[in-house]
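Structures incoming, each one as structure tokens.
Look for chain A in each of the two complexes below; its partner is chain B in the first and chain C in the second.
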Partner chain A sequence: MNSYAFYLGCIAPNRYPGIEAAAIKTGKKLGIDLIPLKGASCCPAPGAFGSIDLDVFYAMAARNLVLAEQMKSDIALVCNGCYKSIWEVNHKLKHNDDLRDNVNEVLKEIDMEFKGTIEVYHLAELLYDPKIVGIEKIRESVTNPLTGTRIAVHYGCHLIKPKKERHFGSTDRPTWIEEMVEALGAEAVEYRNKMLCCGAGGGVRGYDIVHALDIANEKLINLQEVQVDALTDICPFCQLQFDRGQIEIQEKFGATYNLPVLHYSELLGLAQGMSPQDLALDLHGISCEPFLQKIL
Partner chain B sequence: MVEAKKSKKESKSSKEHKAPVTAAPAPAAPQVQQKPRVGVFICHCGTNIAGSIDIPALQEYAKTLPNVAHVDNYQYQCSTPGQNKIIDAIKEHKLTGTVVAACSPRLHEPTFRMATKEGGLNPFRFEMANIREQNSWVHMHDREGATAKAKDAVRIAVAKASLLEDLFPRSVPVEKAAMVVGAGIAGMQAALDLANAGIKTYLIEKNPSIGGRMSQLDKTFPTLDCSQCILTPKMVDVGRAQNIELMTYAEVEAVEGYIGNFDVTIRKKARGVLTPQEAEAKGIVGGGCNGCGDCDPVCPVVQPNEFEVGMKPRKAIYISHPQVVPLIYTIDKDSCIKCELCVTACGDKKAIVLDQEDEFVKLKVGTAILATGYDIFPIEKKEEWGYKKFDNVVSSLEFERLICASGPTGGHLIRPSDGETPKKVAFVLCAGSRDNTGVGKPYCSRFCCMYSLKHAHQIIEKIPGCIPYIFYMDIRSFGKMYEEFYYRIQDEGAKFIRGRVSHILEDPETKNLKVFADDTLLDRPITLDMDMVVLAAAVQPAEQTDKTRKMFGVSCSMDGWLLEAHPKLNPCGTTTAGVFLAGVCQGPKDIPDAVASAEGAASAASIPIHKGEVELEPYFAQCMEEKCAGCGMCVNLCPYSALALVDKEGKKVMQVTEAKCKGCGTCGAFCPGGAIWMQHFATPQIVAQIDAFLLGGEQ
Partner chain C sequence: MAKSKGYPEALENKLRDRAVHSEDYNPEFTRKVEEISRSIPHMCFQCGTCTSSCPSAPRSSYRIRKFVRRALLGLEDEALTDPDLWLCTTCYSCTDRCPRDIAPTDVNMAMRNLAFERDIIPVNFLKTVQAIYKTGHGVPNNDVNKAARVKLGLTADPPTTHMYPEFIPGIQKILDHYKLKANADRIIKEAEGGK
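Right after this comes the complex of A and B.
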């Protein structure tokens, strides 16, 4: 069993607690032991903090990293925004001595020191990596295949971009999450402009909600064209944008889609036989019922 | 008047230079030296040095150093009065060596050696202290530190100058032949110039035909000449020139030797088809390939034609286009099924030899020119534009073939998806060039702006109502009549959008393309529907450039382009004497620049040949025979095969072939008996420099 310090972030525990439950329970069946990272703060959000005060941004992320260093565990997380902050800060502090010294100067006040002894992973990359889990094991763990459903994937930006600082291969035509979707028995569906942003990131949702929703709406139109049963994501913030965003889009633009939106962990949970109650799917803004009826 | 005086002096000195060549060789052991008297000359280089270094303090310090007999400073030591100061001081103060503290030796070492010589000393009695590039320029804001460092540099140079000895360069004869690698427009021009100057020239081309990239182009900017029309006469000239020995379908296999005497092995790849000359040599009278093409229709194997970027078929036995030089068919061994139908069709000419094998030819040449050209960057790596994913996204080279009358469509531009004529065509400039994302190339590919303007003109001219949309960062119309051409294309109705294309989407049914970009002049995003997109892809060094350059010992820059000896003042030479660069292998160039650089390289490469001999710097290893134990371990270490063991008076000793020795010092550093004397970098000299640095002059 590989064990990791599980960094939850903000949106998953507060808005979609099913993601947390699913990650921990499905992980156990696949040899991943997620141990909650106690005392963690906000990652902090790359747009909201990173574009205002970098010193605070580095110091807060470093504090989260040090908590995991003290556990002697690598970090696993479920959100692209958290990945951007924590993975990138870990990477930068390991390679930039000046920055590291500055950050450690701040951390000294709380008797902490960044040592650079751990790695940061997105749960999705651990699931895809055949050395950790891999497609085969995912397929074997499925007890309730999602056969007959058509599912589209939203990758989100922060995990795989910018290309020169990431290691996930293609940034424009990735298909590895589709492979993971098909391992659950569903049909993965391509759609127009798949790699378009959800519209929420970079502080846009907070700053200009209409603009943010306009981008999400364009994606929803493209998804409607290909008639999918659900959209899956690997980022709670993207999920929030597409799920609650549909309600806002209905209010502001009058367009109705009723497209269920599920985090990949939630899909994996359903395929492994977790109940919708266990996954708290009733807390989603858009009802997952039509999708559930196809698979249960 | 100054010039006349100088040239007179030079001719006098070059006569003097030659004299020791036939005289006895330099002694192979430390010479007996009189008490050293070193003169130190400090250059201000205007404010380049004097602005950051305290010259009076440095001068006072130099006076205190051991063996220093005279110190002087001057505003520009390299000027005629500056040099005269050195010449006069040598005579007046009976100096045995000189030190100039100034710029890099790469710049002015020859100047001051000459001055030292004119003062009556051997030119190798001069040592340079670099207090500009390695000091004042990098420590511009630290006057105190820079001055202290300059004192160190001068002290070290004085220590070495005290121990320098007379050295005599060797001259070696130069083979009266040259070689050009690559027969694109640059290589062809260089070969023609050399041949016309009366030099036997071997022209090596890896493809079956000469002509290179230029032969694939339809028209040339800004004159709109047909590319083939201006190129083929030159190709014919190359084929006919008496002094050019053309070797197509051949590659450089190995290079040995040095300037004046390169021994080159050429691999003549098995073509499977005999030329008339080869046939005659085999006793087949009147045989060999005459280009009749009887073999082509009978060959059952169909392959994509590389010359047409794969858009037209060829057979396994083929010529890539009608104007090839030489007009000899070639068999693609990888796809030939040896059915022998072509052998039958060829009949009495007996030109086809299916089991032919590669042949190796040895050549001896005095100088060589590399003109290995470029390839197109694999633009599918820039995934956002969908090249090789979307049918109607093509590269500029594909566009050239599609718009060319002799191309796969007879010059009718069509959409690859459905054969329809496009009405809206987008051109994406800087596709993979000026790209700092880590995927593309950071440099400007230089000729894409101009050929894209030409492409825009061509579609306006050929397709009524068709509108070109040019997405650009800047239009770099840098040459003669280029800016005028840019205005002309604007007037003809091309649309220019300043901004990069972020991504392209394809409609799966119509295969039309949606182009997303940022219009930076209007400061807003823009989306346009296009029938076709042409990517002006970056260029990169040709595939085998790296292998070839290593054989010739030529360096390359970080991006792989071959490195010239000096970017401004020696653009055709390389750091390997006798090897020169022509055309795009050195960096992106349009046709006029490639031809100009080829003519420059040909001129430079002909100089040693016409001179007849070259002088080698006398930094050779020397064997001190009384100390040599004859173990021979140095012989195997030498990377240049310059050393050998010989019997001398009943004893085995090492002997150096001076012309082969590059003075790298590998043998000298290794020799367990300390029996190898590295001229100009001898152990006592280097030890004195180290001591001078570490002990602060207290030796």
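Right after this comes the complex of A and C.
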């Protein structure tokens, strides 16, 4: 069993608790033990805090990192935005003495010190990594294969981009999450401009919602062309943008898609036999019913 | 005044006419953007790959190439007072594709930091600060969600600052160190009082 401090972020636990429940339960079956990171805060939101003052951004993220350092535990998380804050600040503070000194001066006021002793992972990369879990084990854990469903993947931005600072290879045509989707028995479907952003990041969803939704709408049009049963993501903020966003798009643009949007952990949960109730899928803005009827 | 290069006078004048002259020019701005962004906008040759990769460009007048140019030319006021500055979704597509290894996304973020120093910032960014100062989170829990969490076998409040509010004073100390909450309160009050 590999154990990790489970960094929750804001949107998963407070809007899509099924993601949290699924990550814990499916992780256990695959040898990943997720232990609560007590007292963690917002990562902080890279769009908002990064735009206001990068120094505060570093210090706030460092506080979350120190909590995990005190547990002597690497961090696992389920959100691309959190990955940008937590992974990137960990990386920068480890490799830049000036930055680390500045941050530690502030952390001293709350009796904390960033030491740089842990690593940060997105749960999706742990699931894909054959040294931790890997495709084979995911496939073996499936009891309720999603056979006959067509699923598209939204990678989101902040896990894999900017590619020179990350370690996920191609950001033009990645296929590793598609492999994980196919391991669940579903057909992974390619679509036009797959790597387009969801439109929510950088504070844009709050600053100009119509602009943000127009980007999501472009993706939904492209998804409609290939007739998928569901869209899967690895970021609760992207999920919010596509799921609740579809309701807002209907209000503002009059376009209706009714496309179920599920986090990969939720999808994995369903494939491992968790029920829609176990995943609180009724909290989704767009009903997952048409998709569920195909697999249950 | 541009330095003479020893060309014939007519050519000198022609070259001088083509140089950019702006009252707004501030070389410090270029330096500050480069320092905060840890990037190199002065290397930009204006190919436009950034703007053509940008999801915001087709649906607005936001042109990241223009902002990189402004960084290079030190056009501080023009850059910081342009409302398009806040339309970057930080998707990093431009950064991935820039043939000059500039990080235009980070150039934009550095400009936003500098805009905030002059109190130029949309209030939604500051409301996130207020929420985090109060609860540690940008998104609050609610009764429907709490009930759902309990049904899932989770704690009603997640085991974050929501369940352990004793961690909130530490967060407030960090934010107060940078006077962020006080500035956020002040700027929001000014913005909403002026409506």
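Simple rule for what comes next: the second predicted complex is superposed on the first by the 296 of 296 C-alpha atoms of A that agree within 3 Å, B and C clash if a C-alpha of one lies under 4 Å from a C-alpha of the other, contacts with A are read in each partner's own complex, and residues count from 1 in each chain.
The rule is simple: a contact is a pair of C-beta atoms (placed from the backbone, for glycine too) under 8 Å apart; a residue touches a chain by one contact, two chains touch by 3 or more.
If you're wondering where the values come from, they're calculated on a predicted model, not measured in any experiment.
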For A:Ala45 in the superposed arrangement: first (chain B), second (chain C), both or neither? second
Between chain B (first) and chain C (second), which does A:Lys163 come into contact with in this model arrangement: first, second, both, or neither? both
Just to be sure I read the superposition right, which of the two partners does A:Ala21 touch: chain B = first, chain C = second, or both, or neither? second
Should A:Thr171 be classified as contacting the first partner (chain B), the second (chain C), both, or neither? both
If you stack the two complexes on chain A, which partner ends up touching A:Tyr207: first (chain B), second (chain C), both, or neither? second
Which of the two partners, first being chain B and second being chain C, lies in contact with A:Cys10: first, second, both, or neither? second
Using the superposition described at the top, determine whether chain B or chain C touches more residues of chain A. C
Return first, second, both or neither, reflecting whether A:Arg192 touches chain B, chain C, both chains, or no partner chain. first
By the touch definition above, which chain A residues appear in both interfaces, chain B in one complex and chain C in the other? 162-164, 171, 195
Please give the residue numbers of chain C that touch chain A in the complex, ascending. 36, 55-56, 59-60, 86-93, 95-96, 103, 105, 109-110, 112-113, 116, 121-122, 124-129, 132, 136-142, 144-145, 148-149, 151-154, 158-164, 166-167, 170-171, 173-175, 177-178, 180
Please name which positions on chain A make contact with chain B in the complex. 162-164, 170-173, 192-193, 195
Can you tell me which positions in chain A touch chain C when the two form their complex? 8, 10-11, 13-15, 17-18, 20-21, 36-42, 44-56, 59-60, 63, 106-107, 109-110, 112, 157-158, 161-164, 171, 195-197, 199-204, 206-208, 211-212, 214-215, 218, 277-280, 282-283
As the complex stands, chain B meets chain A at residues 383-384, 389, 437-439, 503, 505
